[in-house]
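My structure is below; once you've seen it, I'll send some questions.
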Amino acid sequence: MIDPVILFFIFGLSAGLLRSELRLPPAIYDLVSIMLLLTIGMKGGIELAKQPFLELLPQMLVVIALGIVLPLIAFPLLRYLGRFSRVDAASIAAHYGSVSMGTFAVAVAYMSARGIYYEEQMPLFVVMLEIPAILVGIVIAKGFSKQTNWAQVGHEVLLGKSIILMIGGLLIGWIAGEEQLASIKPLFFDLFKGILALFLLEMGLITSKHVGSLKKYGPFLIVFGISMPMLSAVLGASTGCLLGFSVGGTAMLAILAASASYIAVPAAMRISVPEANPTLSLAASLGITFPFNVVIGIPIYYAMAEYIHAFFGA
Amino acid sequence: MSDNIKKLLTIVTEAALENILIKDIERLGAQGYTITDARGKGGRGSRSAAWDASGNIRIEVVSDAAIASQIASHLKETYYDNYAMILFMSDVEVIRPGKF
Amino acid sequence: MIDPVILFFIFGLSAGLLRSELRLPPAIYDLVSIMLLLTIGMKGGIELAKQPFLELLPQMLVVIALGIVLPLIAFPLLRYLGRFSRVDAASIAAHYGSVSMGTFAVAVAYMSARGIYYEEQMPLFVVMLEIPAILVGIVIAKGFSKQTNWAQVGHEVLLGKSIILMIGGLLIGWIAGEEQLASIKPLFFDLFKGILALFLLEMGLITSKHVGSLKKYGPFLIVFGISMPMLSAVLGASTGCLLGFSVGGTAMLAILAASASYIAVPAAMRISVPEANPTLSLAASLGITFPFNVVIGIPIYYAMAEYIHAFFGA
Amino acid sequence: MSDNIKKLLTIVTEAALENILIKDIERLGAQGYTITDARGKGGRGSRSAAWDASGNIRIEVVSDAAIASQIASHLKETYYDNYAMILFMSDVEVIRPGKF
Amino acid sequence: MIDPVILFFIFGLSAGLLRSELRLPPAIYDLVSIMLLLTIGMKGGIELAKQPFLELLPQMLVVIALGIVLPLIAFPLLRYLGRFSRVDAASIAAHYGSVSMGTFAVAVAYMSARGIYYEEQMPLFVVMLEIPAILVGIVIAKGFSKQTNWAQVGHEVLLGKSIILMIGGLLIGWIAGEEQLASIKPLFFDLFKGILALFLLEMGLITSKHVGSLKKYGPFLIVFGISMPMLSAVLGASTGCLLGFSVGGTAMLAILAASASYIAVPAAMRISVPEANPTLSLAASLGITFPFNVVIGIPIYYAMAEYIHAFFGA
Amino acid sequence: MSDNIKKLLTIVTEAALENILIKDIERLGAQGYTITDARGKGGRGSRSAAWDASGNIRIEVVSDAAIASQIASHLKETYYDNYAMILFMSDVEVIRPGKF
């Protein structure tokens, strides 16, 4: 049975494709994203507080390595199979190396609806995975060019809206703990799935605008937008299994690896690699990969995690 | 037509450039600027302002002619190739010419 | 005892008439309307899923007929008694033939607060009733003029914000069903009356701006704005009784018939019959009929339904 | 004063007209437009932008003089009688004249 | 243990000081303030309905007197110790004589988290305290000048957004009563602390912008911004004890006295005493006093109330 | 260049002044005005529009030259000393000169 929040995405997508007047005010899109990011962060923080932080360090390094490897795989595919220019290939690769908060939010809802356990450190990994691919993308596009203002890139990336909200949420959850946060639970936790539904409605509307530009760029982008996440999911699931994660945690890492950024990376690329065409990467990540992942991908990646565990786990 | 005639430079461009542009504008000598949010369409397609990544801003700078054309040519060289951007200039009469 | 959400309307109206600084940002008005429409739609969809759709078809045709008849009654009253120009009379008639979502939302709250049952298909009828009056209004104003861009009118009407949200909600409710929607219940269902209170606060503020323009148009509009809904309610209640509805359902149809549009119809008329003065129709529907209906009308129409049932029912 | 002088046409009107007007503007040859949300007051009363039905938009079009006056007279004929609308024009200096 | 809503304030403040991109859309800030003010008002109204109004009148007069005395104490300190110009000293004095709704909201959360009883009329006193200091400030700045448009000042002050929302909430709570308001409780009451968290996040971001301007105005403003509220709290607590309030009520009056306005008074001063520098008063009230009060002050003032009660009470 | 040339007066100032200024503008004879929300920076510092107290508005008034300069000098005398405010003027061509 399809999750009702996915129905909101399909509804938004259809309304957009039918060119209806429906749109959410930008301020509401902002509110909804802010609440999702804070809640995801807090959920992670609450759980993280329960375990020693130092044990996570090696895992974090492995996850960062995954974030470096993914764009390095995507780039040659795009450059040589897809025949994209160097900068465009680098920029798209960065999108696919990084992660999508929206996909992660849907995955969180998916797991909790099914009561599937996953390791609590996932929100931390989201932050870890968001950043390296951006840096790799810039370096591929421009080399270690003097022209790149690394201080500015660093600021942009670390203090961007989504990272800071997630880190803020993590810290608040960590410091306050579950009991203390009970008083704000009705807003942030109980409304989570409803807020996610509104978010996906808007994502559907936004996606509908990018589906159109797909025609321009031919079938390669469509193929890439589906097969790259599958490949990344295999790598993500293998990494999860290697780190000894539960099936849920393995699936989560697969989902994170499979997801492609459409907020943090486009913003960073726009400033650091302006020669790259933003329509191209958004058409792929928003027009193909995001809908594929939330509607079809998540259950596939979960099955993948089960499969890997059955063979290599335990 | 004395020295209380200044240039009004109007720039319409991607919202993502806001922070960078106002640094440029101040560095090149403008005494101030005014920004409004906008949407629109041009050679680089439609920018609907439906979410962060697709909004425009409209920046106005009142300054003397030399500074205005310096800003204009700096922007042209630095951003025109890769960003959605237009700019246009006109004469305006101001009340306290010393301010600009 | 007056419902507290009505107190919010009165508060907004008073604040507006006192010329206070209070206003809700347009983005919030949008959010609140979107949530009300989605929720009403979903509530209807959940119930519709429980019964065979085909049985509704004849009812739907009757309701559409009601939507055609109402403006045809209103028009001559306005044209010959009220001495309005043809286009103004046609436009106002369209407003009164159509429905008001806000009034319907208050009626939903009224019924559920009293535990009154009504037929589940009401949200479907809202959609059915919204459209015909618009087309009738345009035809009265302009004849079957070639000048009218019917494709555009159709698009405007069917894909307008309120219709699409309600239909989207209906479909989501229908497909997902009550159990599945439990996860988004805290946002959409539990907060419904609170959101309605915010909506009515804003409606009060907006209404206050239209009360002023009533003076300009003399007493006829005031008399019309109260007696037309009464007349429509009688027709609506009769139709409901004829269709074999319960007292609650009969009252609901009376309320729908009595309500006058202030969102969908003004937008459609502005584009299709631009010669009509929008201040005129909004002064009537927002300045008179909406407050009359939500504060006084709903209980009257309910009594009407009981009365009709006592005589003709069973 | 060469060919890098263009016309800036500014239109202030009801938000409800947005979709229709941009079709007209493009059809009549403009290469782009910029829109901002606005409120205001004029001969047809106060438009407060408090909700959908009462907002204004402010459209700017940079184009050559012929297109600008064509748009202006089309709008005047089609919408002036029935909609809240004003429009005004001025000369602006642009940087890439070929673009407009 | 620090309240989690305070963590949101600290998070916002840190994000702002780190110059992150994070900001809440103004429409959301508006929504959040509107909901807090309505809720506080309704809570007060519900309680007020339970007791005879006339008994409150003498208390209200005493509280108004407090609102007149506080700026008269602050003014000479600012003028002669701080060497501010007459208008600046008058304007800052008005800020400190008036109250901060945000601080009151945090205090409400503080008390309810600890189950501390306080007199129900507090929201009424908030309204009483907001106004006199503004008038005193204007008179100190300009004398009973003919130039001052008192009608306009009155309108501005009495119909300003925050006052009208609080009065509206009070009346709705009073008329409807607790039982009737149960239907809107999920939005306004259950989400209160979550909404307060979002509000404080934004307040942290706004505060961060004012911390910077403190450097310009030297250490006097910092000292004043901490010691003036302490002094006011002593007076407020004494007044509370004198009026025979409980420890909670005494602490509440101390907190109200200690808080400094940053919404209503700046707006009124900008119009009525435009010569006063608004950066100065906001730097003090937002940059120093608000954070001091919500993070450290409230427990201190509560201890103060206990102390006074132990000595003079009962 | 006949009587369809009017003055466009643009004012950028603190949002708190909105209600007062539009009274002034109407009293001094303007037939209308258009307002957009703005942010910006000038001699009195940065005005970010992050919340109520820190926003700017941008007011445009089209009128004949006499009224425009009357408004300009009234604003200059009354508000320039104590409020963040700039104003500038230019010529614009209008279509229905009688309207302004």
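Order as written gives the chain letters A, B, C, D, E and F; numbering starts at 1 within each chain.
Everything below uses one rule, namely that contacts are C-beta pairs under 8 Å (C-beta built on N, C-alpha and C of every residue); 3 or more make two chains touch, one makes a residue touch a chain.
For each chain, UniProt lists the protein as follows: A, C, E = Sodium-dependent bicarbonate transport family permease.
Everything numeric in this text was worked out from a predicted model, so none of it was measured.
Common neighbours of chain D and chain F under the contact rule above are B. Ranked by distance of CA centroids from chain F, the top chain is A.
Chain centres were defined as the mean of their Cα atoms; on that basis the chain farthest from chain C turns out to be B.
For the interfaces E-F and B-F, the C-beta contact count is higher for B-F. In terms of their C-alpha centroids, the spacing between chain B and chain E amounts to 41 Å. Taking each chain's centre as the mean of its C-alpha atoms, chain C lies 34 Å from chain D.
Taking the mean of the C-alpha atoms as each chain's centre, chain B and chain D sit 20 Å apart. The residues of chain D that reach two or more other chains are 36-37, 90, listed in rising order. Among all residues of chain C, those that touch two or more other chains are 25-27, 30, 186.
Every pair of chains in contact is given here: A-B, A-C, A-E, B-D, B-F, C-D, C-E, D-F, E-F. Chain C makes touch with chain E in their complex at residues 1-5, 7-8, 11, 15, 18-22, 24-28, 109, 113, 186, 190-191, 193-195, 197-198. Contact residues on chain B toward chain D in their complex (touch as defined above): 10, 12, 36-43, 56, 58, 72-73, 76, 80, 86-90.
The part of chain B that touches chain A in the complex is made up of residues 14, 16, 20, 45, 48-53, 55, 79, 81-83. The residues of chain E lying in touch with chain F in their complex are 23, 26, 29-30, 202, 205-206, 209, 262-263, 266-267, 270-271, 274-275, 278-279, 282. Residues of chain F that touch chain D in their complex: 6, 8, 22, 26, 31-37, 62, 90-96, 99.
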